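Have a look at the structure below, then the notes.
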Amino acid sequence: MSGNSIGQLFRITTFGESHGEALGVVIDGMPAGLKVNPDDLARELKRRAPGQHEVHTSRKEEDAAEILSGVFEGKSLGTPITVIVRNTNQRSQDYDPLKETYRPGHADRTTMLKYGHRDHRGGGRASGRETLARVIGGYFAGLVIPGISFFAYIEEVAHFRLSGPPRDHSVDRGEINIPDEALSATVVAFLKDCKVKGESAGGVVTISIRNAPAGLGEPVFDKLKADFAKAMLSLPACIGFSVADAFSTARLPGSVMSATSSTFGGMEGGITNGDEIVLKLAFKAPSTIGEKAKAGRHDPCILPRVVPVVEAMAKIVMADHFLRQSAYDSFHS
Amino acid sequence: MSGNSIGQLFRITTFGESHGEALGVVIDGMPAGLKVNPDDLARELKRRAPGQHEVHTSRKEEDAAEILSGVFEGKSLGTPITVIVRNTNQRSQDYDPLKETYRPGHADRTTMLKYGHRDHRGGGRASGRETLARVIGGYFAGLVIPGISFFAYIEEVAHFRLSGPPRDHSVDRGEINIPDEALSATVVAFLKDCKVKGESAGGVVTISIRNAPAGLGEPVFDKLKADFAKAMLSLPACIGFSVADAFSTARLPGSVMSATSSTFGGMEGGITNGDEIVLKLAFKAPSTIGEKAKAGRHDPCILPRVVPVVEAMAKIVMADHFLRQSAYDSFHS
Amino acid sequence: MSGNSIGQLFRITTFGESHGEALGVVIDGMPAGLKVNPDDLARELKRRAPGQHEVHTSRKEEDAAEILSGVFEGKSLGTPITVIVRNTNQRSQDYDPLKETYRPGHADRTTMLKYGHRDHRGGGRASGRETLARVIGGYFAGLVIPGISFFAYIEEVAHFRLSGPPRDHSVDRGEINIPDEALSATVVAFLKDCKVKGESAGGVVTISIRNAPAGLGEPVFDKLKADFAKAMLSLPACIGFSVADAFSTARLPGSVMSATSSTFGGMEGGITNGDEIVLKLAFKAPSTIGEKAKAGRHDPCILPRVVPVVEAMAKIVMADHFLRQSAYDSFHS
Amino acid sequence: MSGNSIGQLFRITTFGESHGEALGVVIDGMPAGLKVNPDDLARELKRRAPGQHEVHTSRKEEDAAEILSGVFEGKSLGTPITVIVRNTNQRSQDYDPLKETYRPGHADRTTMLKYGHRDHRGGGRASGRETLARVIGGYFAGLVIPGISFFAYIEEVAHFRLSGPPRDHSVDRGEINIPDEALSATVVAFLKDCKVKGESAGGVVTISIRNAPAGLGEPVFDKLKADFAKAMLSLPACIGFSVADAFSTARLPGSVMSATSSTFGGMEGGITNGDEIVLKLAFKAPSTIGEKAKAGRHDPCILPRVVPVVEAMAKIVMADHFLRQSAYDSFHS
């Protein structure tokens, strides 16, 4: 009820403060008998990890995942899967001056207003670090729906924008998840410059989902687009959600809008129609700027690391709706 | 679980097909002892009703609300409040040709794919008519949080756009919920023309929420912005959600973005900070166009009637989070 | 959240005060395409209705069920099914003296302590009349699991006790649901005498469930026995729950207990094993006694009317667990 | 949804197989600012631990609890509290012969029927070992409701029965939780003899709850008695639940039953009335008997160790209902 869980049949519960002992996730509702590959899980975590690229925070963490339950002899048991990651690189003393400091745009002040007590060493639960638990959840969600393909990438950073046709799921996403070599190089240079200047940047991440079966999503409050919106807006720094190009589509006359089914973004009435699903997500620039950003262990732009998290959230939503629909398979087919 | 409920402590469950016997709502979690005024409820329903303005569908319905439970001697009992509205104007025969027709952008086809059976006389549960149940829920939600002010209005229709500073909650919203006399007249003329031509239009609705107490919203999945996003994207035709000007804010450098707190849209870390909350919602144009739109009982643009529904959804989310936080008041203060 | 719903995938929400406008139920999670027979529904309601037998309250109600949503052309739509029953026979004036009276063993006083406001004309939500909404829910639950057989009957009233082997589901349950002609006649005479004297009686209801598939129920908190216990203890006047003869079985040495599988009551580890499920439920005598009971419209013993309600609750629990398990059918088989 | 969570506002999710890496619990909905004392937690765990008394299994485990999240500087943060206990004494090889053996009365066979895959080394999730996670949850629940007193003890073992008046919460419960010196000695001797013979015994545990505020519990499905019943029946081997002496009370005439309020067991209409709450729980004898019981690491009777688990479950239910009611405090008082 305190909102650390998401999903109905496939449900993840995350726990852990950014500077506590460990972060982790409990995945309930996993089917039994699915093969679990720890190397694949480690690879997903590495995609999100800090320190992978020089445009990121210098905070290097190993993020070694330990599976505590729910897997036996390499296969899921159908019981809750719990995975934890120890915080090995806490260096709390770095953060002592923050005890009395509320960073704008962070949850620091609102956490105090809400609870009257907080772990001042970091963002607590509101930290970007919490998202590693979501990536773990996403890995297991993916095992439930192996036939559906998820592909996210950066479409905009600051005033830079990817152009051209939509990306195929097999293209190389490059070193920072921008699937265009020239633009990627430009943005890398821009972000390095941001880091030097203590500046930061936001942008837009796009996700494409292919091969989703038709009929997923519920007709009223649990429309698939609604559950996607909730999942994405629950990400730190995410401030906008759009089915395909929603804010442009909104300006189109009905005759134009309905002439091409791609404006529907793969959903009609909130239910999948079998077409490609396309979602776009706006992320604001990190609030940490100036001297603090130059000195500290901060990302000038979180988008490169957000890409695998967006995929994870999409997988979690789809696995949940897949199981929800499966409950009725014997009746509706 | 089939997604006809929303909210945790303050929870509404809606029911009814657009052309069935009745639509309605069960409101569970209502505090006891609150005064209920049927006239106020009727006024809210009238704001959403068809036939209020010549730019709307000619389908005129009375939408008379009947309270079946939960209210005694003019006050809530703390038990479920159930309100129904009979469908008095079904005229099913009008819809017979639709039996084999799947309207693009509607749930017609996806409903058949999902259930293998549908009420072809209308949109069923995916119909805009379902939203009257949400308006009823919103009226009762408003009683839980009387100190919080909600004000929604149309910001864009097609290529028309409201300019100037944000609107005060006391301004006149005009005949179609555009709080600018000149623009309102222009858009009314435009929509009349759409109706003649069988064209349709989408746009953007903005909602401002004032006097929300700080500390509402949960730090992870149930961030207030996430629950707002879900509530809004659960509306038919809603395809985009934005905290303040998200897709523009995403392009701002951190130094600019964090220089003005209004870019935070009243929430930090997903929790209210006491500032004004501003959300923007993109709606696509109705898919019904051409001869069918000219002949039928359809809105060329749903935005004027969506405004009270957006307010209702915002109230439902806020009432729920207010009660959720209240559970901890004795501990956290 | 205020506890007017039960079930996860198959979920019913009941509403209505005993002396308000109407009582009813919303059934969410119903599969689409199932044939609905209003006559069958009416028959189930009649089994629970007052005034069917002279040992009952003289309060005669028609309990005409009206289906408001979720059924089209005789089949379920997969959308919420809402059914209401108007309270035609309220006669509120009969209850005016009760305004200041808190009946012992009823919710009268605790309702005031909890809410500070109540509908004094009857038991409000805690009334036995609320159970008609459960019978409606049970009818629809039964459509989901047509192959499972439910058979409840009275095993004890006061000091009278049914003896002999377990009852076959096809035997005649007699006029008051005691499947033994001689005992039934004795108890009818006893209850008539109770009515004359203003006395009341409690007892035990047994339910047998046959042909349940193996594998239903979840291993930890949602064990099938746990969900049955909750469902049954949620009935007014129900104060005890027992898997088979629990309180006798508890005294058996393990060597005797495990020698016969019938002591397991059809569940091992809280999961069905395919055997017959047997549950026994203790109900206390109505608290209304003396002059009030002689004068009023009260049952000296509610057990004869509780039998169909017990079956309904069992069906609701089983339909829910059946759907929950179905979600994993494609993985686990 | 797979049933590894219980509670609404105060919710625990348990995880871990009896012979996996670790067991644990996530507690969501804990208020912030409450003092956490690891020694108190360890003491509760020790009460449940095996090897405390010679009548128990010889399987000695340390059950060292590690708090991974949610506590900072000795106080709760309001974030999820996760506690794990490593399985240090797995000795899986002892269990190899069990791979193909389904123990009667255990979940072994039903787990295979349900999932098609299981951890044959022990009871998996259905093991009594899972209950240590509940004891941890109960410790934290107790911090939420420090004014309410919980006292459980053994009332019956096999044919031995505690007599005399109800026990005060301050009496010594003796070495095996039987608060009567003579009876305790008799039962200890009896259980030692059981162990020698490979026999096992069940019985009845009683719990008394004092100082509960009036008004807790919801009027329909979430009656307090219903949530207690679910919580208790979710315990392994628990097969019966009774409010006070339900199955005896059921035989009393209404005139006798309602003459003494103690028959109501502290609840009227499912809501606390401020009186002492008394619940009785039947547990069957362990199914493991004969040579296996003599050789193995098994309890001839689980009741002595179940007592702290029963208290934990009661605390979890009460903490949840206390918070649920608190959400409405500002309205109803």
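Letters A, B, C and D mark the chains in the order given here, with residues in each chain numbered from 1 onward.
Basically, a residue touches a chain if its C-beta (ideal position, glycine included) is under 8 Å from a C-beta of that chain, and two chains touch if they have at least 3 such contacts.
Since this is a predicted model, take the numbers as computed values, not measurements.
Q: Counting hops between chains that touch, how far apart are chain A and chain C?
A: 1
Q: If you check the contacts of chain A and chain B, which chains show up for both?
A: A chain counts here if it touches both chain A and chain B, which gives C, D.
Q: With centres defined as the mean C-alpha position, give me the chain C-chain D separation in Å.
A: Between these chains, centre-to-centre, one finds 27 Å.
Q: Please report how many Å separate the Cα centroid of chain B from that of chain D, as a whole number.
A: About 46 Å, centre to centre.
Q: Averaged over CA atoms, how far is the centre of chain B from the centre of chain C? Could you give it in whole Å?
A: Computed value for the inter-centroid distance: 38 Å.
Q: Name the residues of chain D that each touch 2 or more other chains.
A: 1-2, 4-5, 8-9, 14, 32-33, 78-79, 114-116, 124-125, 219, 324, 332
Q: If you look only at chain C, which of its residues touch chain B in the complex?
A: Its residues touching chain B are 1-2, 4-5, 7-11, 13-17, 20-24, 26, 28-30, 32-33, 66-70, 72, 75-82, 84, 114-119, 124-125.
Q: Can you tell me which positions in chain B touch chain A when the two form their complex?
A: 1-6, 8, 14, 104-111, 113-116, 123-126, 130, 156, 158-159, 194, 199-204, 214-215, 217-223, 225-234, 236, 238-244, 246-247, 249-255, 257-258, 261, 263-265, 267-274, 282-290, 293, 300, 324-325, 332-333
Q: Within their complex, state which residues of chain B touch chain D.
A: 8-9, 31-34, 78-79, 219, 323-324, 326-332
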